[in-house]
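Read from first to last, the chains carry the letters A, B and C; within each, the first residue is number 1.
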């Protein structure tokens, strides 16, 4: 499998998109720090970018790569290689190169601005960890959608809709249910609804790390009591891990029974 | 002024009637402060040499100057109050008072001034407190450059650093108050000048006004308090050039205004507070040229507030700039800088060409259902905020800054 | 070597294979004939494991292939349309496949034979259709598996390359390989095939040697012979 990862990775390193992506993050990091000069503020602004753009880019890139590497896939399918390895390999190649672009692209400017001497380093590390998770999750979802749809346009549409749902629509429903049921204690509900969506979970993890919990009143205290402990952190990372594992498992299952 | 130069200066003064200096030290003829005070004639100076004096319940009943050498400590050993001043024209300088008795029935203070005028409390250091300096029905005095360090943990069993009760025309300046209940507390006290103090780490408020009018506080720093400054049921208060920082906690704020009329709040900095200014039932207040940075809410308006003016303020990177819980607006926003402003300035006159609406729909929703705040910074919220900004439905229609600044006021 | 029993496959509402039985034991060239949409490519892809049959089984060398992957070591597959990752160079592609298959490969003589030396450092996306087909051929023939599956191998080949391909096939047959070839070029079948499999609407209508085909139909060429078989069944 690692050969496939390597070849996918090499393939991506040659395509200009990885560099565009890398350059985008690099530019973003520098501009952010140039405008702010404050690493801690930079982390907050970056969070907005990470929770919206990372999933979107991973979705688009994953779908694009899947469809454009159909030839490669066809070539591999006739070789003595396990099917699951082919798709896992390609998936890891894409998710890996996206994550590398993210970590290096954002990491370099921050390191140059003295990240290692800044107390913001752990916030930044958490930001990157959730960013990498979002990459893994949304690339897997994109692969899954693309694998289920041979029609490129449809696959692209469904993948973007899925992103839209998790990034925007979900919160709309979340908000509506909070308002509709405002008579009831909502803290556990809010906590559960946050855990169920990887984008919300990432956002909350970072916000709480940045100590915005004080704004949240009692709910904030409940959240802080949950996410603030190392157990809560472990659960959150576990949920993110689950969010990664589930689509990957579905991907492998789907790949096993698909006709090419 | 250093105590010694001050001493020399005092010695050169032509005293009203053969002013003397009485020395107090362990091996002196006057081994205790109480003895010194007893012996002293009006307008004498009692000079306390370095050393620890285990005394409490001291009472000054004649005009005099009580001065401590560096290292002069009066230790109350937790026996009630350490010292009371009950005469006009008393100065207490350079002493270190510690270990006040804690009581649940009486407000013991390290130093209490009762019905006195022309007092001066300067360069004192107070530690091991219940109440620190307690001014009672006194006027025309100064409380300057003192250090008050408490160890308060809860509100109910701690006292205030500097308390003024029915006082007039007192200057409170250059003091440092740390870890008490209220750093400085004013009740029924008028024309008080509070300047250049640092009030930090206090359990309740950095500075607290109740029923006090015509007071001024300028250039103070309020940092990391349970809440910064509370101004309640008072009028005509000047608040200028103060810094309110890191008053961060669920019910915390930089400045609370409750039933305040005719005040001026200018040139202050509000940084990283949960709420910058929380306003309830306060009218005719001018908010000018303040800086609001990185607060949860810069301004939270609750209840009826009329005819207030917000002008020339910088609102930068607050989670919410202005929060309103009513649909009626009678307040004006003019020429402020809003980092959230997304307009443009085509005629390059320094003011945005389209008005700015500082109240987000999200803040309106949060007022209604506080739990929705878990959706802070969600893209969905940005989206509905945007649509509300384009065509307001829920927020007051006339609540806008018609000419927002394009660049922050320096 | 290849044993197919009762193979069924539907794509949605389309039945593509309905009960294909085949037994190919002899080394040599077996031509799969049939009109477009008769299920040739699906049959081939089923053997390769790229299509999962709904029913029936396939075994190669006595081993069932369902869910397996290692047996593809014994298969050389030439797809109908040569699709390659466009970013790779020709030489890299050869090395990559060699690396992935973990089998000894000898691309050099083939590269020479098909005149591909000038293209080794070109990206695959820049190649013409004919050249791609040659690359495709090198990929298939650079290993020496016992079974070859060629889907329309002559597409886009110039006469020289065609002659080289025929020689190559003959040599491999000589060393005991089995070829399964789909093609529309009947003279090629007449020239080279030992046996013919005629597939129509997902069923095998004829399986046997050329000679049997001729005697059965009384024709002397493949084209009219299979036309006769098709006609007979449709009456």
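Rule of thumb we're sticking to: a contact is a pair of C-beta atoms (placed from the backbone, for glycine too) under 8 Å apart; a residue touches a chain by one contact, two chains touch by 3 or more.
Note that the structure is predicted; figures quoted are calculated from it, not measured.
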item: Graph class of chain-chain contacts, one of line, ring, star, complete, other; value: line
item: Reference chain B; chain at largest CA-centroid distance; value: C
item: Innermost chain by mean C-alpha position; value: A
item: Separation of mean Cα positions, chain C and chain A [Å, integer]; value: 43
item: Centre-to-centre distance between chain C and chain B (centres being mean Cα positions), rounded to whole Å; value: 89
item: Distance from chain B to chain A - Cα centre to Cα centre, in angstrom; value: 46
item: Complex contacts: residues of chain B adjacent to chain A; value: 248-250, 252, 274, 294, 296-297, 317, 319, 365, 368-381, 383
item: Chain C contact footprint on chain A (complex, rising order); value: 3-4, 7, 11, 14-15, 69-72, 74-83, 256-260
item: Touch list for chain A against partner chain B, complex; value: 41, 47-48, 51-52, 167-172, 174-175, 178-179, 182, 186-187, 190, 194, 200, 203-204, 207, 211-212, 214-221, 223
item: Interface residues, chain C side, partner chain A - complex; value: 11, 45, 48-52, 67, 69-73, 75, 77, 79, 83-88, 96-97, 99-102
